[in-house]
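Since the structure comes first, as structure tokens, the remarks are kept for the end.
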């Protein structure tokens, strides 16, 4: 409801418009242009299709469309882009944000209600901006640090939480070439990083210096340690079949037959222990509301809470993607996308049409791989959201009992099946069914 | 039952409750029966008729109690499903354990304290019910005692009826009746910093009235 | 050991005071306070040794509003609105025994149709209360769907009572002398339709909650209240019936029209938290059955309310009447001294009596069992504090 | 809109509206966005003071579903919450706890006094243990009358609070 300001005069209105135009001119000339020049003149620019990219060439190419595409293609393949945008943080953050929104709507529909509705009312859809609203509010809230709290750890732990979650996403290959770090020991690196989480939970709860977080932190520690071993054992049987630790090779090994057909039990064990790692509902003990007031998150307020929530949903994406790579064959799937977007035209098509069909830029294999990878990850994420609607929280000793006794045994069972397959020569290195 | 008068020959205090209501004269155990719940058909309710003969079953229980305790127990009234007996404070524990063991009144439903400033007395009534005996299922026996209002002290019935623990504690807080032997005669429902007199006493006026 | 002694006396010389590590240092005292999501308006201090609860001390009184004192300043009819506030979602039952006691004192006789409508309203209110209790029990177990489904179905019952009395929860419908007004036409088949739908929904509750293995794992064998303990502690209602004592006031001391209804008292013998959670569920199913009988036995026409003089009063005397509310036997002990205002009203509620079982059950239980045991006692703090 | 142009007296009002939206949208874009964020994600603290909590539970149920407005009720710790709904009577024993909860909450916090007892002591104004109205201990933003207020009234109360936040200055 716009209220008419008291003493409004037309002159003020005009003055404010001129004032704004002035600010824009000043900003552009004094800030933006110098930055561009510095980037162009000081940073060594890479050669693009044969010629050294001089600043002037770059500026002229910005105008000529046929040249912009190769530059973009070049920029995309550099590592900073991979780390920040595609298979790295922003991609995972977008999926994490989508997971939060979908979870609230999905849960609401399961509970016969509507879920966030009015947040994005400008015709954008029925609640799509709810996440933006939560984010903005959480950013703008005051951060309360309890009096006896250990200040440095209190600040470091949430940042470390998000960092480790992002680190896990960095190791996950989304498409054949698209992985941040294609190390040969990819799987072990993932488990090493996942080992950080209980440490961070305990450090943070210890630093917040109050009773309920302390209990929550201990529970987080017990829970994650108890479920680390079946987690690794179930992945071990995949390594036996795939014959290598490198995640890309594991995904490639399942080109014909996904490992879930051979290792259903260890897939189940992997899924259950990833639920426990993520503290999802059946294993929601570290932040059990009705027992220990939001567990180790009790003292988090404002942005610290925001960071931890972002980190935990990044972890949801990371572990879902890990499940997809280990058991559902990563990005293997029927080819759905045409080799070129446009008609099979000759090279001399006008530049605009070439640009529209993303001539030098569109690679149908990558797009197809990413599509299938995303499809499977979304399915797994929905599976991870489902138990929150139908299951209660279990008690800490039942949790530890299932972790130590039941899941480890199950993980072993499937390992024998894997070994039998390898010795029978069906799969594994040199096996009849295996890829190479 | 307008004004009850029951005497207690060993202590010379007379327990006479006389309300201003002067209508009917003192009767020891007149039992105005309001409603006879007949099991058949509609429940006929007789309006305030004086039924001289109280129901047999309750009469039997009351007689057995008074036979066993003679003068110590005073039967106030016997109504269908309700018996009220009055006991001296110092032998209430004996009567209570007798009731529990002999008759199977195994739990105390509630402890109601009432303040009679005119007689300078506080009456505490234990409503005893029975879960074990089926024929006693609907019955409630009110065990009443009276204590002086100024230093109200009563022996606790916790050892006989564990279920009366919180009720007695609340009566202490609300009426100031100190229960000897009760482990925790202290603040229960009222705020910690309650400095006023026990609120359910008649001279405690609530604001504005 | 010698140097330890030496160091101790030496430090005492310096004025330092060393306390030997007693039991208390190992225990951590937690206040499950009025703000804790695991305990509504109620606080209990819990001493925890690791994951086991060693000592529990309930501290009610956060919603003590002095109902009993206020009854002495209002006449019989004026007490109805504020006497139903302790359990606004079971308001017909909590004022039911008050009306019965006042009728016994003042000698009013309730017409037959009024008694039937009163019984119908109290059964619907029992459903509303139990559904709210079940919803909170779900959220205490972390089962958020189990909060939403009963709360949703409860709205339909609230519509029924809203048609009856005009208000969503605080009906003030049950007054000494009968019922405030007659039922609207079409109420009967609307009620039957709702009961039919509800019985199908009860089946679904069983599938998602009661037969859910995780819920079973979490509640079975937790907080065993043996039959002798239940009787000794004097608990009442579903807590008592879950320990194997088939005691229901509607059967033991039938009031109004309940002696014409044949229904079975639902009870279980396993005496653990699951039994205490399942008995209210069986009660809900049984009260659907009762509602059907009430609806077709109700006389078609007739008065619903006895003619009352302006300020009903009766000869001095006392009355103690009880009713089976959602939380067990709910009794009113009213002493009248002949004036229209009651001389003393003592409300004996089920929650206050069940509270005694809380420390008894929590000692020795695990931290995770705390909400499971606490809310299975069918405890509504607002009513316990009165 | 066009009709205003013709009538000169309304010209100033039209321009006023334009100027106002312009100033608000541009001068404080960030503030406007943050206010918008706070409006659509009010997280109430889990504090039940008395019998109105039944109606607050019904409000977060499927039929009235306050989560449409971004109000999620199941928050454990009060560090993450920014809205206290005083659900009913505040007794003298609950008052210090209520004040303590209010102080523990992070800064942009709002209070809705729900029910007649929270506003003025309502039905229990003459009881010896009840505060006549909660304004004495915590500053109240929105009063929601009723005993208990229907969930629709509660939602209207939250919408009033949202209007209040929309025009409030960014602290």
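A, B, C and D are the chain letters, set down in written order, and residue numbers restart from 1 in every chain.
Basically, a residue touches a chain if its C-beta (ideal position, glycine included) is under 8 Å from a C-beta of that chain, and two chains touch if they have at least 3 such contacts.
In this text the structure is predicted, and so the values were computed from the model without any measurement.
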### Summary
Judged by C-alpha centres, the chain sitting nearest the middle of the protein is C
## Note on the structure
Comparing A-C with B-D, the one with more C-beta contacts is A-C
### Summary
Averaging C-alpha coordinates per chain, one finds the centres of chain B and chain D separated by a number of Å equal to 50
### Message
I'd like to verify one number: the distance from the centre of chain B to the centre of chain C, where each centre is the average of its C-alpha atoms, in whole angstrom.
### Response
25
### Task
Please report how many Å separate the Cα centroid of chain A from that of chain D, as a whole number.
35
### Summary
chain C residues touching 2+ other chains are 37, 61, 64, 66, 69-70, 73, 139, 144, 147-149, 152
### Query
So which stretches of chain D touch two or more other chains?
46, 61-62, 74-76, 91, 93, 126-129
### Query
Using the touch rule from the top of the page, what residues of chain A touch 2 or more other chains?
111-113, 289, 293
### Query
Mind giving me all the chain pairs that touch?
A-C, A-D, B-C, B-D, C-D
### Summary
As the complex stands, chain D meets chain B at residues 91-93, 125-129
#### Entry: Residue ranges of chain B in contact with chain C within the complex
1-2, 19-21, 23-24, 32, 34-35, 37, 39, 42-43, 45, 47-48, 81-82, 84, 106-110, 112-115, 125, 127, 129, 131-132, 137-138, 140, 142, 161-167, 170, 174, 188-191, 199-200, 204, 206, 209
### Summary
Counting only contacts in the complex, chain A reaches chain C at residues 107, 110-113, 211-212, 215, 281-282, 284-285, 288-293, 388-398
### Query
Where on chain D is chain A touching in the complex?
12-13, 15-24, 26, 33-34, 36-41, 46, 61-62, 65, 67-70, 74-77, 79-80, 82, 104, 106-108, 163, 167, 170
### Task
Could you please specify the touching residues of chain C with respect to chain B in the complex?
60-61, 64, 66, 68-70, 73, 104, 107, 109, 112, 231-236, 240, 245, 247, 249, 251-254, 256-257, 259, 315-318, 320, 322, 329, 331, 333, 335, 337-338, 343-344, 346, 348, 352-353, 355-356, 385-386
